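Working notes, structure below.
Per-chain numbering from 1; labels A, B, C and D assigned in written order.
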Amino acid sequence: MCGVFGIWGHSEAANIAYLGLHALQHRGQESAGIASTDGERLYAHRVMGLVQAGFQQEDLRQLRGEAAIGHVRYSTAGSSHLRNAQPLAVDYAHGSIALAHNGNLTNHEALRTELEAKGSIFQSGTDTETIVHCFARSHESTAEDRLVDALRKVEGAYSLVALTEKKLIAVRDPVGNRPLVLGTLTKGDRTMTVIASEPTSFDLIGAELVRDVAPGEMIVVDSAGIRSSFPFEARPRAMCLFEYVYFARPDAMVDGISVYNVRKALGRKLAQEHPIADGEEEAIVVPVPDSGVPSAIGYAEASGVPFQVGLIRSHYVGRTFIEPQETIRDFGVRLKLHPNRAALEGRRVVVVDDSIVRGTTSRKIVKMIREAGAREVHFRVASPPTKWPCFYGIATPTRQELIANTHNESALADYLAADSVGYLSLPSLVDAVRGEERNEQARRGGPTSDVPETASLRGFCHACFSGEYPIPIPRAAGDRHGLLKTIA
Amino acid sequence: MCGVFGIWGHSEAANIAYLGLHALQHRGQESAGIASTDGERLYAHRVMGLVQAGFQQEDLRQLRGEAAIGHVRYSTAGSSHLRNAQPLAVDYAHGSIALAHNGNLTNHEALRTELEAKGSIFQSGTDTETIVHCFARSHESTAEDRLVDALRKVEGAYSLVALTEKKLIAVRDPVGNRPLVLGTLTKGDRTMTVIASEPTSFDLIGAELVRDVAPGEMIVVDSAGIRSSFPFEARPRAMCLFEYVYFARPDAMVDGISVYNVRKALGRKLAQEHPIADGEEEAIVVPVPDSGVPSAIGYAEASGVPFQVGLIRSHYVGRTFIEPQETIRDFGVRLKLHPNRAALEGRRVVVVDDSIVRGTTSRKIVKMIREAGAREVHFRVASPPTKWPCFYGIATPTRQELIANTHNESALADYLAADSVGYLSLPSLVDAVRGEERNEQARRGGPTSDVPETASLRGFCHACFSGEYPIPIPRAAGDRHGLLKTIA
Amino acid sequence: MCGVFGIWGHSEAANIAYLGLHALQHRGQESAGIASTDGERLYAHRVMGLVQAGFQQEDLRQLRGEAAIGHVRYSTAGSSHLRNAQPLAVDYAHGSIALAHNGNLTNHEALRTELEAKGSIFQSGTDTETIVHCFARSHESTAEDRLVDALRKVEGAYSLVALTEKKLIAVRDPVGNRPLVLGTLTKGDRTMTVIASEPTSFDLIGAELVRDVAPGEMIVVDSAGIRSSFPFEARPRAMCLFEYVYFARPDAMVDGISVYNVRKALGRKLAQEHPIADGEEEAIVVPVPDSGVPSAIGYAEASGVPFQVGLIRSHYVGRTFIEPQETIRDFGVRLKLHPNRAALEGRRVVVVDDSIVRGTTSRKIVKMIREAGAREVHFRVASPPTKWPCFYGIATPTRQELIANTHNESALADYLAADSVGYLSLPSLVDAVRGEERNEQARRGGPTSDVPETASLRGFCHACFSGEYPIPIPRAAGDRHGLLKTIA
Amino acid sequence: MCGVFGIWGHSEAANIAYLGLHALQHRGQESAGIASTDGERLYAHRVMGLVQAGFQQEDLRQLRGEAAIGHVRYSTAGSSHLRNAQPLAVDYAHGSIALAHNGNLTNHEALRTELEAKGSIFQSGTDTETIVHCFARSHESTAEDRLVDALRKVEGAYSLVALTEKKLIAVRDPVGNRPLVLGTLTKGDRTMTVIASEPTSFDLIGAELVRDVAPGEMIVVDSAGIRSSFPFEARPRAMCLFEYVYFARPDAMVDGISVYNVRKALGRKLAQEHPIADGEEEAIVVPVPDSGVPSAIGYAEASGVPFQVGLIRSHYVGRTFIEPQETIRDFGVRLKLHPNRAALEGRRVVVVDDSIVRGTTSRKIVKMIREAGAREVHFRVASPPTKWPCFYGIATPTRQELIANTHNESALADYLAADSVGYLSLPSLVDAVRGEERNEQARRGGPTSDVPETASLRGFCHACFSGEYPIPIPRAAGDRHGLLKTIA
């Protein structure tokens, strides 16, 4: 997962991009970067770690010009190295281009082999560089046509922003797998265009959400204004459901739908599908903070079981911590989460989390809650079992490491040492998203979209839950990491 | 406010202290320090900022020995400089002593003048150094007697841990103004003594809470074992109420009472004292995260108004942030808190915060909530008006800056642009603490203490609310900061 | 100017390269880098600044394998950015290659335009990347044939070392403009090959100088052993004279000639060509340290005027220095050089420097010597007037900035406020180098080469003195800097 | 050894002190510090390492006011910790004082014990803190009288500058063991007073040397002007001879005598006392750079043997260097010194160094010169054998480690593997200093002091050569290090 940002026409474009990235920081903490243009040249700066830690005043000052794009990266393709940080910025025959990409290409290995055979040199280990090479080799004349030409060669998921000396370009892939939104920022009588992965970027900088960029849409901004086009063949929409489950910040609107409201709805449906047996005396609902909070509120609302803060999240956890040589049990999770004994002791505890991937942390949480005196621990997951790896932009473990592949609910309860485990069903997840879509449409006073009450799963990517991949996966994709032979 | 920690008898004492400080980090982020002893010498290391950021493996390695004390500092007396960081560690005629102090002395200016007149040199600007000088000049022979001698000269609040080459000493002042707890850590058949400001330190390191150190109690640990004594004249207890309101971590037990339960009770009483008028349709309860959360849960429980996450707290805020030259409105608060429009829009919002000091942040929060579409904003404060400065260890502004001095509830509502403002009454605050004390006693199965249902305010320090100072304040104390003439 | 290094077959290859670069540090302090191979992959690390400051133990540990190359850079083509640091390491269709280059290509702009038109993307602003692209596009099958193919396309000066997963390759350009030497390092019964810009690298690591790499020679080292070939068309030799004058470390042997002995000889000839008039009483010879020392010794020997330390060089000068707002006169030079009044006062001072480029520092030196009480100041330069820019690897200012273009000796004396100025003649410079070559041959007991006593200038590049460029310079070369449009 | 600096009346006092310290950096690289006053308060900043590396613009900006003192430290008493850095700055009953001290007290242990018994607390491990405590306990009323009172209690060597809110005070101990000079800096019609260990500080900041501060003299500068007094009982002068031999920068004047000229004279006398036998063919004189250079010039002048650069000193050596695991022979010295084979090969080499302490480096140098082909190596030392530790401010090893104690010239030649070793005699050293004093007096046109041609050794401290200590040494002084029991 990554976050992208773009701004056009602001006298302090790089600083605005820096703030925009801060509000997308939850989408990636491995590296951050900004590229800007003053109309003549591109300027770029990339750092490992958080945008706030890495960028100094002087760095922003040197990112000259009134347009900028930015990127925060959560390692997907390509290893953790500065040279894999984005935006990628290169020179080609007719100028320069910088690219910030959220998503993952599925055919980039084949493309890379083909490009290298023609003499192309790869500097990074990212799939994004493939787009740049196709762009550089295109015979089209304008930057947008070259970019379309390049993107027609690639398969996979992408929400991207590109910057040339004279243009800002935003593109969302034809299936709309990753989110991308368009906003405006008004200063006096000047209106500027802003692009971002989520509208969470807009609040901090005083911008307003206009709308989502549509699947397959390209938006070009330059001195002549802003233009929209749909240069790709239409494809069925396949928006990532995990954005609603976990990735997006709860205050975000993704494709017009409130993430917070969806998550509460997931909790409500979860309470219906997996209530706790034997009455509700002494029971409490406890979220795994912070991602489980909205679903826990929903669960509490629907079940009548009171919501309590049973786990306190530490605000002081950073990367490394010096542990004594005599190992402390469950050290990692204890650093981050503190059990609130006063709330837990003697209770029947319903723990609500957004999802379970490997299950190791969940197991430690259950143990911690039991040691704090809980009488029973019921684990509730506000999404379906995660059984399949993602090839479209999320760093997931292999199938073998996904615990939902190897453990059914009962086996998982044993592994977690929980009294029961309950996952939300996939239809309920889709229903919840669709329901909130209708609610939102009703709230806005517009016509409600014609979405069936209990519908098919169309319109969403649920590959990680169902194994149905809306974009084909090449056979060798399991080996897609570690492409780069040179390690710098 | 500060946090102190001590451990005796652990082969990795400094590392345990480091972890203990991490779990007290909420009590002070300005500086951190650890002193240790190997039985022959003291070793000390102090850093500005967070313990995790400042201490390296090598630093811990050089803090040799099996006993250590630690300190995290939130600037109170003395300005923000490394030399004001604690533990203070010095040589005197008969050895060395290190001191970590939570609290503030009220007569230290007079003592300092007296000591300087006798030729003492002050290296730091902290009141704690006064204790050290009195200690060094004492004619008593043992370290504990010297410390008692020194502490008999001082007035004010202190929970402190001291370390000599051969002893760990913990003392809580006679009125018990600041918390201090005793715990044990068991490894195999070895039992070690642990001292800390809050039992939050114990969970991470695997220690268990034994009991609170009593007001006026001194605990001495050395190779001969652990001894308790009460060397000071008895005084009426005056435990700080603000520890329950704000300082302590919600999972802490302070003087045997759950901070989390107290805060929920405050919210429940607040709902009774300050309900919102005109029915509850469309109303929601929104905490100011994270400190307002437990009281908001209590308010929601008592009022039936649903609890919602209306403000998202950022996990990525550090010290400095580069703001554009064109100022962004309410930049500081927007960085830290993100309004959740989906929850707020069209609602009657009851905002619950733990306290209001200057009111400036509260005002921005109200504005932010309104701009996110709230129909009404009712501000509820889970503590009485803060009208008086604290002289016992909390950095508070002057009376003129405390907004509760200059604005009654109605004027404050105007200032905040809130539809209404409601503070909890002081009797309700005291009742809530006493009520939870009884609940806790009942839960533990012991006899309930004879505390009247609606009691006098005895037993607590409520000076910041009432202006009744349990420890006398010298006239010149208003100038107590900036004592040190040399600025290093 | 830059320095290159290569080692094959050493179990701690990266560490040896690190030490080798330290001993070449005088050839470039802007950036440093090392690439290594473990036979399967290349590893690379590059830093801005000195090798010693930038490389940590951990960096070396990650540079795995038994072969490594290194580079220290003194900015020539391409601006001061990490991405211009070398070795360049890239992936191409058949593997990876890393390249470290000393010298400058004259036709790289045309080549770059051509390559970009074919779709190549440039990541750095260095001419070296052009070689890499030609290499990647070559249709030859072995790495050495590809490199020859690429180098046949380029014009200019290069001494380079390349590293693939399986081979170390060293090449010196056909005119032999930049130095390059071959050495061996013996450990037990193992003999390893070492390549370096100067044999100064060899002493520290315990290697021995075998011979200079010949102009146009390619040396390939791999598991099969070491092979030499001459794959380029023969060209007249044109070794850079400035290496003898200034660049090489005085203890270096360059093309078999002692740099120290050459510099002393320059001083002796300078004393003959430009003695000081009116007897030698009260006269002293003072070098500008450290580069002027050997010539000053030579001048003193030939003239009988005593050699004195009149200027003390500071050992504590780094990059930045905080100057007061009230400007201090000649601050920069005063930081670096301290006049020794006891030696200078009342004297007729012959200042000997290796060369004059802009003249600004020389002027401050003369002033400083006068202010220290010198009666007369005679400036003597141990090389001819520097009138022409270098296009082969030395960062020189434009012709307008070279003071020898705008001032003859008499005008320069006025500008410097010196009593007289004397440059060495070009024939004397060439004679000195040839003379030491003969001396060296005699010393080694071999046959003396047939070099005429006062010879033509053949065999050397003296373009910066004479404007006769041995390798053609394209018209646009004046604009050769700042090629890269993207600034990262 | 340390360096001190003071300035009074300059609008950028701290910045001037910073530059002054830079020019005293050769006197200490362990730590650096500056204290300033704005007339109301003292400000202080201290750093480990070089002044240039540690001080930032912001640090200087916060050192407010028009007077400042500075200190560079080469560890003598007290270990290597920031808290031992100077200037020491403390508060006492009547204000604040900062102190920068060059030298070492001999009775500070006894004084410290006495002060601690009275209740004084020591924060640092330096003898300088003893002065501060005595100052704080003095019953005198003015700062200068308190300082005199304190200094009358101490025994030992000191050149110190002190700063109070209102005064700059400089004192040189009664025997004048360490150098101290007085200068003036003129800006427009304003004349400012400057104090420094050596006049090397003056050139960079544009100040002029007025005179040496006399032994036992106190200089006080305040708003009323500058006053001199001699408050101590007169004692025979005992200026440190090692300042002339090694410590002072060669361009310094120490007690009116040129250090450079003394060192050349030492070389000339050394040539007379220890010529090389068997004629001078093929012989060369090679200094150990940089400290041996002036004496080598003198030796060459007197002997007629040519001066050559046989060892090149590296400019790129810093603190740590990563050495391979396979040890490189004589790694440390090879990093710093490069043998110049062209100069050394086949020669009879006279190596001239200023002194020999442990002999380990000298041994490596001889080896290195032999390996570079020298036929013979004759080691010449421009000072007498160093046989006794210094108790007055120089960090010397114990007697057992001083090689001159355990090896006579012949045994030392064996140890060094040199063909011969020759030390200068102590009378010649004293003669050389006295001779240059007369020369200087003659040059200045004043009357020559009545110093006998071959005189007694009176007037100088030659304890390290003769064991005759001019200031008594207490028995326990061998244990004088590591006083502080607390290690921070």
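Assorted remarks:
Everything that follows uses one rule, which is that contacts are C-beta pairs under 8 Å (C-beta built on N, C-alpha and C of every residue); 3 or more make two chains touch, one makes a residue touch a chain.
Keep in mind the model is a prediction, meaning the values are calculated, not measured.
Number of steps on the shortest path from chain A to chain D, with steps defined by chain touch: 2.
Counted by C-beta pairs in contact, the busier of B-D and A-B is A-B. Comparing mean CA positions across the assembly, the chain most remote from chain B is C.
Per-chain Cα centroids separate chain A from chain B by 38 Å. In terms of their C-alpha centroids, the spacing between chain B and chain D amounts to 51 Å.
Touching of two or more other chains is recorded for no residue of chain C.
Chain contacts in this assembly form a single closed ring in which each chain touches exactly two others.
Of all possible chain pairs, the ones that touch are A-B, A-C, B-D, C-D.
Residues of chain D touching chain C in their complex: 11-12, 15-16, 18-19, 22-23, 25-26, 29, 50, 52-53, 55-57, 60, 187, 200, 203-206, 249-251, 253, 258-261, 290, 293-294, 297, 301, 306-309, 312-318, 321-326, 328-329, 331, 334-335, 338-343, 345, 443.
Residues of chain B that touch chain D in their complex: 41-46, 62, 89-93, 95-96, 98, 113, 116-123, 132-133, 136-137, 165, 484-488.
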